[in-house]
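Common to both upcoming complexes is subunit A, partnered first by subunit B, then by subunit C.
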Partner chain A sequence: MALLERSSWYDIARDTNWTPRYVEIDELFPPDQSDPYGIPIEEWESFDEPYKVSYREYVSVQREKDAGAYSVKAALARSRYYEDADPAYLSMLKLHYGAIALSEYAACQSDARMTRFSKAPGMRNMATFGMLDEMRHGQIQLYFPHQLVTLDRQFDWAHQAHHSKNWAAIAGRHALDDVMMTRDAVTTSVMLNFAFETGLTNIQMIGLSADAANMGDFTFSNLITSIQSDEARHAQIGTPVLKILIRNGRKAEAQQAVDIAFWRIHRLFAILTGIPMDYWIPLDKRDRSFKEYMTEFVGEQFERQLLDLGLERPWYWDIFLEDVETHHHCQAAATWAWRNTLWWNPTGNVGPRERAWLEHKYPGWNDTFGQYWDVIIENIRAGHPEKSQAIGMPAICNMCQIPISNKGGTVWKARAHQLDHEGRLYSFCSSVCKWIFELEPDRYKTFNSIADRMYNGEISPNTPENILKYMGAGVISPVGTDAHDLAWAFA
Partner chain B sequence: MSKPLAVIGRLQYDAHTRIIDVETGFTMDQVVEACLAPAVGYQARHPKPGATLLVRPTTDTDDAEPFPRTMTVEEAGLRHFQQIDVFVPQDQ
Partner chain C sequence: MSDANDVAKPLKTWSHLAKNRRRPTEYEIVSTKLLWSTDDDAPWAMGPDVPLSKWYVKYRNESPLRHADWDGFRDPDQLVYRTYNMIQDGQESHVDGLLDDHSKNEHDSGLSDEWVAQLARLYTPSRYLLHTVQMSTAYLAALAPSSTIENCFIFESGDHLRWVSRVAYRTAELAAAHPSAGFGSGERARWEDDEAWQGFRELMERALVAWDWAEQFVAVNLVARPAIDAAMLRALSAVAQENGDTLLALLCRAQLVDSDRTQKWSHALVEYALQSDGHGKANRDLIRGWLDKWSALGDKAIDAYCQALVPGSDLGAEVKRTVASARASLVEEPAAVG
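What follows is the complex of A and B.
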């Protein structure tokens, strides 16, 4: 029997709207979970996704993607690639899997909320595929590192990180809870599908894929390319939602949602992507610098999408551009210095050649971040490697939950932006994190950072050993050490 | 009676802001020492070896009056997690 063209049945098949007779519309779609903006339901029926797919097509394509990823994995496993890989490269994988695998399951729940509570039938349809996408991403990114646990126990953090109280996991959960898990279906779509997935996922998936391919790790390269192809599809849910919001006089709310989510996810991805790209990948295997990727995928592509939709650049655009050249360098240094808190083994990897590259890509690097590493290298060369391990605690941002650091040296920009709210002093890494808090203090004010927990009795006694234990460092796996045993310091 | 208090130290030229454990009975000179201890020689250098460092509350313009060196934390009214600068005054 001949099949109809998809275009001749698609609109009818995905239109599952009906008029409820036994409940009120607000009971079927409670505004706080569905649409708090009061957009008329007829408007939502105009939702038109740019990428059409039927379930039959979806299953067929996804099956092919999975088969491809698993066959490449099997082939590479036979070559014992991971047994011989650069330890710093393995750290990139550990960081990625720990941070991302269960975040994908979290995203599955976000898409499920859109599937249930979106008033737009087309959006519910697309979100259903998005939900299945994220489930696949969770499963495949748990399965792939699981085989590596026998090689290195730190790979177990793919399963463990999100259930731990490790500071990096807390930072990830705080942002994802804010952006994906605790908003209504409409705002979640703007924040997740547009700001997060359209704005920033490319940098993690395409950027790291290129570096992984250069490293010969076709398993990981193929895996994240496969994931990105799903992201590129379901990310498109956000654009029609934004068009409807703007058309119905909700541009300010849409802009605010974009601005919050974009900043929050940028702060995470700069660590997740920027540090491996600019520090851990061997110099001759680096595709481009983090800044160059951000300039292309965010500074040009995403900015153009924003403007085309009628939105503005986030108000903090200049701060963001400066952060792209600063934040990941600060955290490369901080995470390395406090490496005993991590589930991966970072490398300093700032020998003379690497420093020349960093200075070329980030003019002024030697006078700021370089001075930090100078002290560390002097200690190591003088026979005091123990002094390269930080003692004490950095201040932690009460929004992004990341150490509050900035350029050192004579420019000296490290500073906590503080706010007295209801008698409690909150500290923020930037005016942007502070702005997000001030928009809705009741949403954030009771959350305690890892630093707060050291002083409110939750981590008691707050000895270094007990703090590490609380974070799972040395419990779930051995703590982080320098991936190259400090060899780079003698280059 | 002196009580423990955590402040956020911002040591001149350091890339990190750090949590510093002090006592309310500490003088500002003792606060300086507490701020230097986890930073200098680890990831930071002394801002100006030989110079006397002072403490001031952090402000946006970096120009608050420093606390007298013998003033105690309690007398200065420092609060839990209040940020302070540890810096070299211009005349040194």
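What follows is the complex of A and C.
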């Protein structure tokens, strides 16, 4: 007889629930941390993860994955790829690492909460692997950019961004604190494993990987593909959780958790992925447009998974589809104009060929976003590049913490959705962000956006210089400038 | 450090490590200062009355164990994810080898009925106990005040999933060799009702709800883990050897490799807390108080388990003495100088 198959002992390893005697069950599993839905523990014991792995297999497979990723990095380090890379491409890496490295590490604590507080033994074991996975993703995405600080100090933001009060980092943390860090184990799983990891990480990890490979950056392409292979495994914690919720009459709560998280994370990823894909990657290296990725990977796949589970598309699906064609274009223009607040160097990169591509992929682009860039280009060509640099603070959404914006040009859809709550006026980018606030105002009402902080004395004096300093711009690294020194404006 | 001249210069490492004036290790690059929730008084961007906001303030930020710089703690083994998998892959290959060899020599069918009954009573139910440690250390990972401390707890939780899995594996193997001994079906009842386990069960159930991160660390890593190691691994392994169960003896020894690693960093963390400027003495008193409180339960656990393992012997007393002296040396006053 040789070694046993995994299946012969696996169920025993996830048969670990017991009835506590020395403490109450609600003490062992406080509803605020564990399950506020009151689902019977026997139901949780039916949790069956679709993707099974043993610890023995895990350490072996993960060791091999790391050996692969680190050896590709080491081999390619000699090619001096980053020394000669397109500065706009490097901006994509700076944005990615700054936004992602510590966020992934933060998810260790989300998985840790599931490991401790889930009433489903199988889920506790899977979340233990999830916790280890997220440590991998935090560490490897610090190790890779670390060598680049010798090249360019803006890479220091891979470690510093989430310790800073930069507006973009505040927006990221607000969403992640909401979705990953402050919910009970069950809701965290629905929001993080299902809505975020099943729904949206594909776009960053698969979509950007294709563009990175086209750019010849096999180190990064290989890295994020390797990360996605872990995400694809631990994301599957979410599906059985949803099945149990739905079976136990909690479909409405499950749907709401999905709807909140999907929107919140979409608002971030559109900036993180949409802008590099549609603006920074050179035309001949673009794999697909952001919209095509979102339609295929997110729209169709996610929608099918929702419907298969017996859930519905989020109520705001039409607004979401419109946002996929709008939000990242607005933010591409806005972040470029406020580039001195950034830790990366964005490029406008809207020459005639790029504009033709954008019009083709997003019919109507020229009449809307194009008109905005027309004015910018006109000023630059007239020898007034300073007029392309925004001054002052835009209106910031009190939910997603991102500048409030919408289509300009001939259609002019820009407006704020406002709400008077307990005597304070809150502004939102959309009816969806406003809806999330109204669900739980106490959760959100005390937070001050970066714009609020300019008027409540936290940023004092609220001079442009001081605001930049508050955000770490020019303090942690030199501020963002146009990656191509405006050359595209003369194309 | 923040003037324009400085900021224009490239860095050799992360700015927060630059002051160290030496090349940082891989461990430092990827492990230090990774939590944003310790940057401000409010851990999260959500409102102060959100339950998880209150929880982190109360049980992490306001823990009576104080240190001005928890981020300064370093794992003495400098373990990172990459090296953890390398080490554990090697360790798991070793365990696979043990299992394979003993399966081939029909080890299980050679065990006496008496010993098989002991295994069903005192070994295979241990997955429940090990799982409580997996859960507890995950909680400690979630509540740790710095990433360097959090990582140690994550590895510890992973280690326990490892041994829950290996005990499950052995349970299935023993069930195949001894179908009527209750393997794979009787463990929960043993864990819940057999007096051998009630000490450990009470200790861990109470430790799991000792929400202050530092107190739970003391209860689990300084009291429960040493008790488990001493009674359930060292003593069990010796008795297994006497009963011809070489495989269990070797498995216990393999598990102790993980325990030694945990013990090393746990002691380093205590040492770090005792050296805290301005809080060292208070921390010593606090840890000592917690050790006294929890070791009462730890001793009960050792007694109950050892009594079942070797009835009527003084094994329990011996094991208690060993763990007590290790505990005492942890919080000893430093010897007077001169």
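The rule is short, and it goes like this: the second predicted complex is superposed on the first by the 490 of 491 C-alpha atoms of A that agree within 3 Å, B and C clash if a C-alpha of one lies under 4 Å from a C-alpha of the other, contacts with A are read in each partner's own complex, and residues count from 1 in each chain.
Keep in mind that, in the parts below, contacts are C-beta pairs under 8 Å (C-beta built on N, C-alpha and C of every residue); 3 or more make two chains touch, one makes a residue touch a chain.
Source: prediction; values computed, not measured.
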**OP:** State whether subunit B and subunit C clash or fit side by side on subunit A once the two structures are superposed.
**Re:** fit
Original post:
Which holds for A:A382: it touches subunit B only (first), subunit C only (second), both, or neither?
Top reply: neither
**OP:** Answer with first, second, both or neither: which of subunit B and subunit C does A:L28 touch in the superposed model?
**Re:** second
**OP:** Considering only the touch criterion stated at the top, classify A:F369 as touching first (subunit B), second (subunit C), both, or neither.
**Re:** first
**OP:** Counting touched residues of subunit A, say whether subunit B or subunit C comes out ahead.
**Re:** C
Subject >> subunit B versus subunit C - smallest C-alpha distance in the overlay, whole Å >> reply: 21
Original post:
For subunit A, which residues count as touching subunit B in their complex?
Top reply: 330, 333-334, 337, 368-369, 371-372, 375-376, 379, 387-388, 390-395, 403-410, 412, 414-416, 418, 425, 427, 451, 454-455
Subject >> List of subunit C residues in touch with subunit A within their complex >> reply: 2, 4, 7-16, 26, 29-31, 33-37, 39, 44-53, 55, 80-82, 84-86, 88-89, 92, 95-96, 99-100, 103-104, 106, 127-128, 131, 134-136, 138-139, 141-142, 147, 150-151, 153-154, 157-158, 161-162, 164-165, 167-169, 171-173, 184, 188, 191-192, 201-202, 205-206, 208-209
**OP:** Enumerate the contact residues on subunit B facing subunit A in the complex.
**Re:** 6, 8, 10, 12-20, 37-38, 41-45, 58, 79-83
Subject >> Interface residues, subunit A side, partner subunit C - complex >> reply: 1-4, 8-10, 12-13, 15-16, 18-23, 27-28, 32-33, 54-56, 59-60, 62-63, 66, 70, 102, 105-106, 108-109, 111-113, 115-117, 121, 124-125, 127-129, 131-132, 135-136, 138-140, 142-143, 146, 149-153, 156, 159-160, 162-163, 170, 173-174, 177-178, 181-183, 442-447, 469, 474-478
